[in-house]
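Both complexes below contain subunit A, partnered by subunit B and then by subunit C.
Take a look at the complex of A and B:
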């Protein structure tokens, strides 16, 4: 709780310090706020994948499909059907959650590496659909999405950079999801998840409906990823099929692994670290004068070191990748 | 009858693991299932507890047809079990294992979980009391916060029984509870089962250790190649020629007699 308050205060301070107009120059340029927003968006995604990977211990490589699906649903509703933002936002979550059922279904029968392959394929199918349909704008995607508004006031008209409200809304989502996961983790549903993670047959023998709870985890994860996708594309006012791809999925899963499966604080750490680090290294590249981006090399190295030194993640207590 | 099976069959492809078993157990009885390795005892347990679906036949639990029920539904109706190869929640503590064992006796859902309602809090208090009682009962109070995988073998077996008891079953299935135990652990287990018997709990167990079976079971069922070959009081079954043959092999010839 204290961590959540401190975290929120820091985020809000970074977001609004410029609005006070204490100095002539911006303390945090628009670019910083962009990074902050993206970090928060990935925090929500990482948390939502942690419902699947942490709570029930299943590895999914298709999580970005829900992120992108939420984005496309919301983009199409607002652009083609002229729907207002907020209903589209909710519907993006609901549709992603419904699609979570067919992705969760194979998890009832298979697990481990087999499930990784199935979920990977699932994510790629969505990417190819988005590339090949006319309505989704093909490989170029859909530009010019509407900016959300609250009570007729557009998000971008508030604050110095126009990103402030987006940051606050994403922060609220991240905090709500963190609260949600903490509460559920310590409830009877959390017991069911823990039992399934440990031993499915024993869980069933304890009276846990294994199929229902596995699907529930996938549906909850997909719902929150869908919501994030919607807000994210309206922030960029643009969506492209890259958002759905396996690269995104791998990135989110890496954030879960680096931060620590099952750890709520770890999800934030993983998401911020892996969003901020590549941006920081881009600066380093300019300063040192490297001809290549050191990020990809360091990224691989980081993962190897993580797996050797702390396979349960920075803040993880246990791991789905048991030794 | 608490539990009754009629012509129960389980086939895996061409292999008939359980063949046309008629079986019954009354409330308060202690019955043991014995038989050589691979005779279908554990498969029989898996079918009646709903972990494997039956191929043919019927299972009646408390006069209700539960043949097509999944394991979690059967547990809710009052059947609990342990496993031959211990299936504890290894990285959870002894206390957590028992609390999860209480799952079928609680009813709070997602909403209660999100807002930690009075219902959830009430259940948590009950679970805590029950867990303390059961840890005491199996002598693991001191190991309350020890992870299941760190417990000694005998303690793991006892914890698994406590976890099964947490669901307040009317029928307890024990699959080889003494497997791999040393004589002292077997004695402790025998005392534990006697205590359970005294509370009037109905127990069905699979066991190889004759000492345990003879001391505790009122009735024996003998399996061989998936079929029931004998049934009766322990002393009778011991003298049954078919049982001796199943365990040791057929008598060689009359000339071999002393």
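Take a look at the complex of A and C:
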């Protein structure tokens, strides 16, 4: 609780300090707030994948499919059907959750390495569909999405950079999900999740409904990823098939693992670290004058070293990471 | 007749898929690792072959041999530095390591060799032959036939190695139970090293063969590697003959789907087949059963 309060105060302070007009120049440039928003969005995604990977210990490499699906649903509803933002936002989450059922279904029959590739395959199939359909704008995606409004006031007209309200909404979502997950963890459902994670066959023998709880985890994760996707694309006012792709999924899974599976604080740490680090390196690259971006090379190396030194992640719990 | 034509067109690519899939399947069968870096080994093979042909002006077979050695060596190094220290650790850590190593190699290659596409210089003589069959015309590119023949030779050699040599037999036994094999006096570390060598050699060969047919770039490993895994799954993970057949099936299926459905979905077919296989019959065409106990 204290961590959450301190975290929100810091985020809010960074977001609104410039609105107070204390200094002549902005303390935090618009770019900085962009990074903050993206970090928060990835925090929500990491948390939602942690429901699947942490709670029931199933590795999914298709999480970005829900993120992108939510984005596409919301983009199409607002653009083609002229629907307002908020209903589209909710519907994005609901449709992503519904799609979570067929994606979770293979997890009932297969596990481990096979589930990884099936979820990966699902994500890739989604991407190919988005690239090939006309309505989704093909490889170029859909530009010019509407900006959400609250009480008739557009998000972008509030605050000095127009990003402030987006940050607040995303922060609220992240905190809500964090508390929601904490509550679940201590509930009946959470204990069932833990039992499945530790030993599926034993859990089933003890009377835990494995199929129901596995699907529940996938659906919950998908729902929050869909919501994030919706807000994210309306923030960028643009969506492209890249959002659905495997690179995005791998990144989210990496955030979960680096932060620490099953750790709520760890999810935030992983998301912020892996969003800020590439930006910082790009900045460093400009200073040093390198002709290429070293991030991805270093990222790969970092993962290998991290798994050697601390395979359970920065704040991870040991038990998830058994054989 | 269009169907027959598509089958002929799919065979060359299908053979290459088989090679990649066998590389996946031997490693998974013995070490139990989803060898995510296999696509990168394949890419490195393609580039080594390319540089051997363009810079050293060697002929195709020397380039193929060089790429096979380079692929095998890369796979060996990956095992030595990335996978071996984690072999007794958690599986997920091993998988994330593979992801990391793959990202590292792919982007290092993009950095060293620049991310644009290159085409192999024409090193082989080939022609387009036409046949008439049942009143319609079939066109056959001799290059594709040649490539298909090369993959068949490599696979025949592999089959000989697996079933006739002591090491191959040990590999076969290890894919059933590594622990028992180690109790029988087989040096497990050596066995795993050789497994990675075999996997890499096949990957490197596939790289050169793809390079002869299509353009190469540092990111080519991502999709090809995953298709290889899809083929391995379809054939039944751990089964070499299954991977051979499934590869040909996928090559043909891709060609048929791109001419009958839409070429845009060509690359998605592999994943659709894989997902359906895993849901309907997780053991694949001829895979063995994985038993799980409490």
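Note that the second predicted complex is superposed on the first by the 319 of 323 C-alpha atoms of A that agree within 3 Å, B and C clash if a C-alpha of one lies under 4 Å from a C-alpha of the other, contacts with A are read in each partner's own complex, and residues count from 1 in each chain.
Assume contacts are C-beta pairs under 8 Å (C-beta built on N, C-alpha and C of every residue); 3 or more make two chains touch, one makes a residue touch a chain.
The structure displayed is predicted, hence computed values, not measured ones.
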Look at A:299 in the shared chain and tell me whether it touches subunit B only, subunit C only, both, or neither; answer first, second, both or neither. second
Given the touch rule stated above, what does A:124 touch, subunit B (first), subunit C (second), both, or neither? second
So, A:199: does it touch subunit B (first), subunit C (second), both, or neither? both
Between subunit B and subunit C, whom does A:180 touch in the aligned arrangement: first, second, both, or neither? first
Please tell me which partner, subunit B or subunit C, touches more residues of subunit A. C
Go through subunit A and flag every residue that touches subunit B in one model and subunit C in the other. 199, 201-202, 205
Quick check on the complex: what are the subunit A residues that touch subunit C? 59, 105-106, 109-110, 112-114, 116-118, 120-122, 124-125, 128-129, 131-132, 199, 201-202, 205, 246, 250, 253-254, 257, 261, 292, 296-297, 299-304, 306-308, 311, 320-323
Which bits of subunit A are touching subunit B when the two form their complex? 180, 183-184, 186-192, 194-195, 198-199, 201-210, 216, 318
Which positions of subunit B touch subunit A when the two form their complex? 49-51, 70-72, 75-76, 80-81, 83, 87-92, 96, 99-101, 103-104, 106-110, 112-116, 120, 123, 163, 167
Note which residues of subunit C are touching subunit A in the complex, please. 28, 32, 34, 82, 85-86, 89-97, 99-108, 111, 222, 226, 229-230, 233, 237, 262, 264-265, 267-268, 271-272, 274-275, 278-279, 282, 292-294
